[in-house]
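One chain, subunit A, links the two complexes that follow: it is found with subunit B in the first and with subunit C in the second.
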Partner chain A sequence: MVDSKQQWKAWLYLLPALILLAVFTVYPIINTVRISILEGYKPLAAIGGERYPLGIGNFTKVISYKGFTTCLTNTLLLCVLTVPISCFLALLVSVCLNSINRLGKVLQTIYFLPYVTNTIAIGMVFAMMFNIVGLKQVNVAEYLSTGGQYTIYNIYTDVNGEKWGFVAQSWGIINNLLQLFGINPVNWINSGGNINGGSSTYVANIAVMVVYIVWNALPFKILILLGGLQSVNKQYYDAAKIDGTSRVRTFWRITVPLLSPMLAYVIITGFIGGFKEYSSIVGIFGEGMGPSGNGSLQTIVGYIYDALKTDSYGTASAASLILFGIILIVTLINLYVSSKKVHY
Partner chain B sequence: MEEKRNEYSALTSSNNSLAASLKEDSKNYDVKKVERNAKIIKIVTSILTYTFLILLAIIVIFPFYWMLNSSLKSLTEYQLTKPTFIPKQFVWSNYVEAFTTANLGTLFINTLYVGLISTLLSLVITVLSAFAFARLEFKGRDSIFAFMLATMMIPGELFTITNYATVTVTLKWGNTFTALIVPFLVSVFYIYLLRQNFKQIPNELYLAAKVDGKSDMEYLLKVMVPLSLPTLISITILKMMGAWNSYVWPRLVANDDAHSLITNGLRNAFSDNSGQTNYPVQMAAVAIVSAPLFIVFICLRKYIMKGVSRSGIKG
Partner chain C sequence: MKVVLKNLTKIFQSRNGNGKEVIAVNNFDFEIPDGKLIGLLGPSGCGKSTTLFMISGLLKQSSGQIFFGDDDVTNLPAEKRGVGLVFQNYALYPHMTVKQNIMFPLQNQKMPKAEIMQRVVEAAKLVQIDELLDRKPSELSGGQQQRVAIARALVKSPNVLLLDEPLSNLDARLRLQTREEIRRIQRDTNVTTIFVTHDQEEAMSISDLIVVMKLGVVQQIDEPQKVYDNPVNLFVAKFLGTPPINVFRGKIENKTLYIGDEKIMKFDHDDQEVYVGIRPEGFIVNDKGVLSTKFVSREVMGRDSSVVSKSDASETPIIRSIVDSDKVINPDENGMVHFDIKPNKIFVFNRETEERLLSGVNTKNAEEAPVAETPVEETVTTEEIPEVVDASEAPVEAPKKTTTKKTTTKKTVAKKTTKNAEEEK
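And then the complex of A and B:
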């Protein structure tokens, strides 16, 4: 029974939510699309009544901009590297966690810890762990003649024509740990340096990002996959045991198919999150998005915010629609693949 | 197929008797040896499993340990070529210095203020709309709800662009707390979560309350809200964590000293990434910022993990 009084009341209950949604959710969808096809849009002037020509200029500007290719490559690279690694690791951990009797709860809590952290703050911790520690001033000629082999940073010549520079006092905890395994120290995130290598390489930067993103992404994936595993009927495993099925076969033929809905969910959300990667990079490299702020690790989302900060609304909107398009396509591909593979 | 499965389940339910019958059946089959081998395999796998899990747990915890360790060292000790795993001398003054350098006091108060107000208002709005969607009948209810769910698929960056213009240019809220609170009051996901919870409460209770002459509002506050307290707590925690961790939006709309939130303040206070950074103080600041989240997590672990497993939203 729908009487008019209840109708009226229902709308009253919904009123605050609907007003806010209209202003901050529905209007932005329409408006962002509108801005993206207006050339040179500025909101202040638009209120003043200025009109802008229609066109796809913003899109061509974004796509032809060289920096945008960098953003796209970085984002794709991070996605392609981190999603499979974190999903596989999370699957392995959940299967192991599910098979043990003791310590399960404690370990589960520990694995969840990275989730309740501030991405930026802990990014700073990772930066510290990878960073070289403290520079000490050395005389270049003397250092090299005594067999010094480490990178010398910020070399300068003093009034007497002597060359001075700085070398790392310590290589930071990660390099120290690697040295235990006989691996030479790597300059992971720093810039600078002129001799013996110098600035950190792109590969090293990406490696640091992959480690941090995977560390950050594990908790959620483990939580979901473990939840899925715990709801799997034990009888399947008992049956496999009686048949003498090997563990590997049991894993691929029983665990993975039964877990496939959760796996699909974790992979899809992983890709969506991966394409929006931004604050983890800010955490480690700062807003410069790269060693010494050179922007070599800029991502699509970072590009959007940079455009917004310089009031380039048109390009920001165009880039955000491109991002939406990419996410949509990847999600559809994922859904298509999982509709073939997922066993509900 | 079906028969086979039944057979299996019958077999498993009597695992012990199966082992016994096996022993009887095969005299020339060395049961003891098979059992021993199985036992050895079992022990080896469980050792491997535990080693892997504990090793990974150490890797997961290590950054936190190293943060605390570094935050208590003097700068000279921190820069030693061979790092020390426990500070020789605990330099607590790093924490004092961190607190003043990053102006953490103001940042804490700002973040707490924004977090509390937005959580409170958000809860009111969420409860009201979830009630309307779960219990009341009105035209277009299902289509509005479906539309709201559909907006969840759109990446937030798309909203941010127009909202940035709306908030700073149209509404002139730049550098105010309002700009940090109002745009994020409605979360479609929380409404969805609470509506599902409300729907589980039997309709008979509602009708009984109606017979007793209770108004909708009384029913909502006295029956539905108490019954869905766990969900409301989950929402509260996630919302507070959101305020604590938000970075992009505050940086855009309120980046002056009086209004900046904890994450922005932290990143801005320590932006130098060269080798000369005073890392002990920086780590002390990070530890201070991380501590509240940890305390909340330890106290309310159950609600957080439950909320997260249903939401998939970070913060």
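And then the complex of A and C:
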């Protein structure tokens, strides 16, 4: 126990950290709340001394904004798709890693690499992998006679009566793999060509994002689950073996329940991360965040940044608080469910 | 079901490749009769758990064979051997209730629900935990957890029940109580049981046969009382008995056994340096007794009391002898007390090999010699002492098992010594 006379010393030592926390965490939070309830807040004018009326105008503006529903659905969809997939895969990988003796440490490092690599850099690599370069003009008759097997787009007839069209070209490894199996290259990420009007489909965009987010989320989850697995008493498995328990049953009846605290943690943080998805989308699709209109991958955080860019601090703050509310509710639901299912 | 171990050996290779290997179990050769409770006894690290895990199939033996009844199970995986194993720390699944824990092995066998429930209740009744079925393991006392673990092992009607130091986590009272319970359950179910412990008292009190191990080598296998009365070497003698045996340095000269300079008794054996072990209850206070030690104190513990004394010839710092509480002890003018020794409580061991020496047996043909086993009568008058030479003169032939055991032990020990010598280089 610290002597009460000595307590001021303790506080003194804590002061640098406390000041940083106050300036960069506490104050911004309070300020966000303040700004969100000031109607029509403009930062420059506010510095100039302008006063704003209190109200919920910012919130109604955010909610009634047409694009906000898109942001919400995108965010929710990404969460709902990626969290279960990544958690399950992480569980699978960590169980496998845990049972490997020799290369375990090396593989662990490899699996951890995505975690320490820059999001934007990875995004650019993904953009490369899913890339589609453009369209090559072909003579339809000639193309077909030489065994061409891909879809010919935008066929037209020239003055000589010859039919011409366009075939998709790709150097992205994903499309090349598809082509290996004779499947048409897909415009995954709204890059190049003007197949179907030039933009990629929403499904393709989401698919890319799901692959990316899952892959990117794996290392952290594997790390946590592997740690959990390694702390499970091996005798439970010996006991199960003696009792003739099949591998599958051992996994579901023993491994999963014993790991449930870590699983709950990984799921909750997964949802929180999913709701904040933004930079990865920018990394792959650029600042446009996918094709404009229906295919857009705009998310809530993206919306907040856009609002900041246009000086709409009020709506940005309101949207942040709405996001906070959503995350809070989802986390509470998670905690409630896990209190029933998790065995500590 | 009887369990036969043939030359069972386990060698652990070193992990970092420095070539040093651990022989955890060395040539374990034994037939465990059907329906008996075997106590596997030895100090920490002597290979008890390793033996148990090999029998259960969790560890693969380096060489040797295991039979259950007439079936060779040497290469059968653990799940096919049908053994019940109770782990040292029980390994109850913490997320399941007691009922689910006990049910678990049966559910693996895809047994109909009604039958499962019936057997669970039966097993729970047997170990008297039927009140606790809906609790989680964390809500049970150590003794209750242990009984749940036994129920889980018993519920599938195992061929063999293996218990790895199941009582080591319990307090003294509970330990006493549960070991009786294990005995009762074993009698009720009549399942062949191997019980690992490093507590000699525990092993002695509930086992039909005890196996004493040291550094992976079986030292002696026999009924508890026989091992106590007739240890094959100094290690076994020291390991069994509370308070422990008193060990003296002595010698044999002209067919007479000496402790220090004192003539103890006739002992028909080659001249050599020896260790002499005397059980605490083997001392008889007699002012003209053959052995004198320096009196230190007397500790009274109800019916008996122990006389604590010292001697230069003693290996142990103090000598503890148990005498009747009402016996008057009068140390002489030099503060010495004198004892006669009950001949069946004194054991002589070669100083080098620490093997038991028997009177009337020459070292050269020791291996063919019969070993005495039945103790002479408990009451020995002091006058008789000098005449009676050794327990081995009792005209009873030893059971074959002890004899053969003794030979194998001898050989392995000899091997060990050379090995140790190599290692020291």
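One rule holds for everything that comes next: the second predicted complex is superposed on the first by the 286 of 344 C-alpha atoms of A that agree within 3 Å, B and C clash if a C-alpha of one lies under 4 Å from a C-alpha of the other, contacts with A are read in each partner's own complex, and residues count from 1 in each chain.
Heads up, the rule we're going with is that a contact is a pair of C-beta atoms (placed from the backbone, for glycine too) under 8 Å apart; a residue touches a chain by one contact, two chains touch by 3 or more.
Remember, predicted model here, so these are calculated numbers, not experimental data.
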item: Which superposed partner A:Leu258 touches (first subunit B, second subunit C, both, neither); value: second
item: Subunit B versus subunit C as contact partner of A:Val138, first or second or both or neither; value: neither
item: Which of subunit B and subunit C A:Cys79 touches, first, second, both or neither; value: neither
item: First, second, both or neither for A:Asn176, with subunit B first and subunit C second; value: first
item: Partner chain(s) touched by A:Ala90 [first = subunit B, second = subunit C, both, neither]; value: neither
item: Subunit B versus subunit C as contact partner of A:His343, first or second or both or neither; value: second
item: First, second, both or neither for A:Arg249, with subunit B first and subunit C second; value: second
item: First, second, both or neither for A:Gln235, with subunit B first and subunit C second; value: both
item: Touching both subunit C and subunit B, counted on subunit A across the two superposed complexes; value: 235, 238-239, 242
item: Touching residues (chain side subunit A, partner subunit B) in the complex; value: 1-2, 6-7, 9-11, 13-14, 16-17, 20-21, 23-29, 31-32, 35, 43-44, 47, 89, 92-93, 96-97, 99-100, 103, 107, 109-122, 124-129, 131-135, 153, 166, 168-170, 173, 176, 189-190, 192, 215, 218, 220, 223-224, 227, 235, 238-239, 242, 247, 265, 269, 272, 276, 278-279, 282-283, 285-287, 291-292, 301, 304-305, 308-309, 313, 316-317, 320-321, 323-324, 327
item: In the complex with subunit C, residue positions of subunit A that touch it; value: 233, 235-236, 238-246, 249, 253-254, 257-258, 260, 343
item: Touch list for subunit B against partner subunit A, complex; value: 5, 8-9, 11-12, 15, 18, 45-46, 49-50, 52-54, 56-57, 59-61, 63-64, 66-67, 70, 75, 78-83, 124-126, 128-129, 131-133, 136-139, 141, 144, 148, 151, 154-155, 157-166, 169-170, 182-186, 188, 191, 216, 241, 244-245, 247-248, 252, 262-263, 266-267, 270-271, 273-277, 279, 282-283, 286, 289-290, 293-294, 296-297, 301, 304-305, 308-309, 312, 314
item: Contact set on subunit C toward subunit A in their complex; value: 56-58, 77-80, 83-85, 87, 89, 91, 93-96, 104-105, 108-109, 152, 156
